[in-house]
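First, the structure itself, so that you have it in front of you.
By written order: A, B and C. Residues from 1 in each chain.
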Amino acid sequence: MDDQVRIKLENVSYTYEEAAAPALSEASAVIREGEFLAVLGHNGSGKSTLAKLLNALYIPTEGKIVVCGYDTSRDEYVWEIRRRAGMIFQNPDNQIVATVVKEDVAFGLENLGVPTDEMLPRVESSLAAVHMSKYADSAPHLLSGGQKQRVAVAGILAMEPDVLIADECTAMLDPSGRKEVLDTVRSLNRKKGITVVWITHFMEEAAQADRILVVSDGKIVSEGTPREIFSNVERMRELHLDVPRMTSLAGELRRDGMPLKEGILTVEELAEEVERLCPLKSGI
Amino acid sequence: MLTNITMGQYYPVDSPIHRLDPRMKLVLTIAFIVAVFLVHTIWGYLLILGFVYLSARLARIPFKMLIKGIKPLRMILILTFLLNLFFTPGDTVLVEFWIIRITLEALRQAVFYSLRLVFLVLGTSLLTLTTSPVALSDGIELLLGPLKKIHFPAHELAMMMTIALRFIPTLLDETDKIMKAQMARGADFESGNLISRAKSMVPLLVPLFVSAFRRAGELAMAMESRCYHGGSGRTRFRVLKLKKADWLACGVVALLIGLVVLEGILL
Amino acid sequence: MSIEVRHLTHTYGEGSALHTVALNDVSFTIEDGEFVGIVGHTGSGKSTLVQHLNGLLKPTSGQVLVDGEDLNGEKVNRRALRQRIGLVFQYPEYQLFEETVAKDIAFGPKNQGLSAKEIDARVRHAMSSVHLDYDKYAEKSPFELSGGQMRRVAIAGVLAMEPSVLILDEPTAGLDPRGRDRILTMLEELRAREHTTVLMVSHSMEDMARLATRLLVISEGRLAADGTPREIFSRPGLMTSVGLDIPEAARLCGVLRSRGYNLPEDLYRPEELREHLLRLWKEAAKC
């Protein structure tokens, strides 16, 4: 097996008990080492099912998933998979177990049977990596949503994972909390080379990924860089997903005849294109 | 607001008693209870009272706070006192009229039984006031640890306690929100008779239960995903170590028991 | 119906060591038919403010007047006044409790003491306002619905009380783009059809740009600014100083203006910007 591949899905389908249609059907994908991959889709598209499959919380009804070299359907690998591919969830309140921040970060280590004297340095360095050292002795319920999610990230980080799966972990946060968590995870991706699977319905977040998988009605419907994905404004509208406002504005201007380049995502990029097409002359 | 309710009755100050190992405190509390049952004279009770008073001083807990713990028990106390007073057989009659007959033996027993109850409560209050709920659940888990061999769920019990403690503030917060939301829809939680008030709780309790179950499901999944698989093979982040102070406290309680026994023999 | 807030101050835990001033001398008046956006950082005091507007919280000092009557005055029928101001909380789907959707929506009108016939009419009307088909959903359990549908049931529960003013605390939080668009469209229709005055707390400046006729900016318990979106978004540095964003269109306008382009300073909607950019391009092509 290619050692660059962190996660491989081969024709994966998953049907919930007593459900008529599969929540995810015939999904195939490869996630590479060090990559920041966004999975974009609306509620009920199957993106959360995908997340749970990657963590061996669900086992595919058909097909096969290999995470860090381990087949998720094999019972004996379950704990190794969960250690190597840690997951953070949507509701910040419902994933913190302990009554003190540092003890919550240690929860995973306790479960793995890490010796007590090794725990403290790992807990401390994980909290430092998410900039939460100051709150090590705080009670979690007094933290903001963004801070709680960073504690959750630290809890995963302490287990020294290869992959971080974020299952809509910003959906319940305000804009500053969202930015705080995304920035933290992005810096872990860049500095520590942790592979990230970022599941979201916010296109602003997906736009910052290396690559996007778009999920709709239980299928992976497209795949590509943010520029490739968002350029197809019509397609995204059909899927009830947002496109960056500057991308859709640029699209409309192109339709009006203005020869803007494809793949504009940000305010800066559109401003530059306007400058190129309408050079300032003295007098305007 | 509901969130202002204090957690348990832990009195968070720093003191030598607060710093004692929770396991030792649990064991010593049991020893103290035994001592209370061994007492047979008023001198013994004075000794016990002195011990409780000094411990409370050392723990920097206002004595009033300690006494407050007895309040909920006052009905039982009065009942114990009266039953013993009226129905203990004895010879030295103090008061007698109509069908009531109070003897010295009965009075003695009534006073002693009531005192026994009071000291039981004071002793356990001293434990809960000086030990945080988390430390308490740690202590219980470790003390009951040996019982795991006979499949006693000591770890599960402690885990349940920890999770309950973690979620109490969250659920209180949520109760407050749901209550306000229903009040905005015209719900009335305050007026009416008992039945209509009980009925008015439905719009509060149903959402609260639904949410508690949803939280439980999500938490279970999050715990599993962090490799939680019960107590076996698990290590601990917080370790408890018995220190000199613990053995000193142990010695003091041993002395107390010794004196109580001596008092029983000599007086 | 007008709401007038006069020198409103609210302190939590007054007298204790932990007291915090959540609102500090806030004053404004809301007139009939406005769509007022309330924006501010988390913890700025928005939620506290909103809860004062229908009397769930009492001011530490200052007044809230509804049609000139003090909401916390002694002789006022508080319940009647409160019912005219509908408040939809954050994540309102968590307050659903009845066996069926229809019964849950009927909870408010029932508390108002309306007749069975009137309640039924209100439930039907409210369901159509939130785009839920009566025949399909009325007898379903609210707990069987999707998150977005549950939220619409909860909003219908407040609409069924037929408030003159509707206050919503982050009605689109946690929804995907489709769920969000449904709620926003619904609010637009409601205003067009029933002229309901709407106050909406939101973190999304893009949503505010689309809907609001007026913005109240709250920062650290104070009213930092009060004006039309056009005024607020074009005042340089105002929103950044209170830690908030401005719509991307307004940002693009600012960037281009700073580079010397001839654009009006108060553009904040993409469609306005589109016209001006086309004009710039055509002017450039002429030369």
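Observations on the model:
Basically, a residue touches a chain if its C-beta (ideal position, glycine included) is under 8 Å from a C-beta of that chain, and two chains touch if they have at least 3 such contacts.
Since the structure is predicted, the reported quantities are computational estimates derived from the model, not experimental observations.
For the interfaces B-C and A-B, the C-beta contact count is higher for A-B. Using the mean of the Cα atoms as each chain's centre, the chain most removed from chain C is B. Separation between the centroids of chain A and chain C, computed from CA atoms only, is 30 Å. With each centre defined as the average position of its C-alpha atoms, the distance from chain B to chain C rounds to 47 Å.
Averaged C-alpha coordinates put the centre of chain A at 46 Å from the centre of chain B.
Interface residues of chain C facing chain A in the complex, by the touch rule stated above, are 41-43, 146-148, 173-179, 181, 203-204, 206, 243, 245, 247-249, 251-252, 255-256, 259-262, 270, 273-274, 277-278, 280-281, 283-284, 287. Residues 134, 162-163, 165-166, 169-170, 173, 214-215, 218-219, 221-229, 233-239 of chain B are the ones touching chain A in the complex. Interface residues of chain C, counted against chain B in their complex, comprise 12-13, 51, 54, 56, 79, 82-83, 86-87, 89, 92, 94-98, 107-108, 111-112, 143, 157-158, 161. Those residues of chain A whose C-beta lies close enough to touch chain B in the complex are 52, 55, 57, 79, 82-83, 86-87, 89, 91, 93-100, 102-103, 106-116, 119-120, 123, 139-141, 155-156, 159. Residues 42-44, 144-145, 171-172, 174-177, 201, 203, 240-242, 244-246, 248-249, 252-253, 256, 258, 267-268, 270-271, 274-275, 277-281, 284 of chain A touch chain C in their complex.
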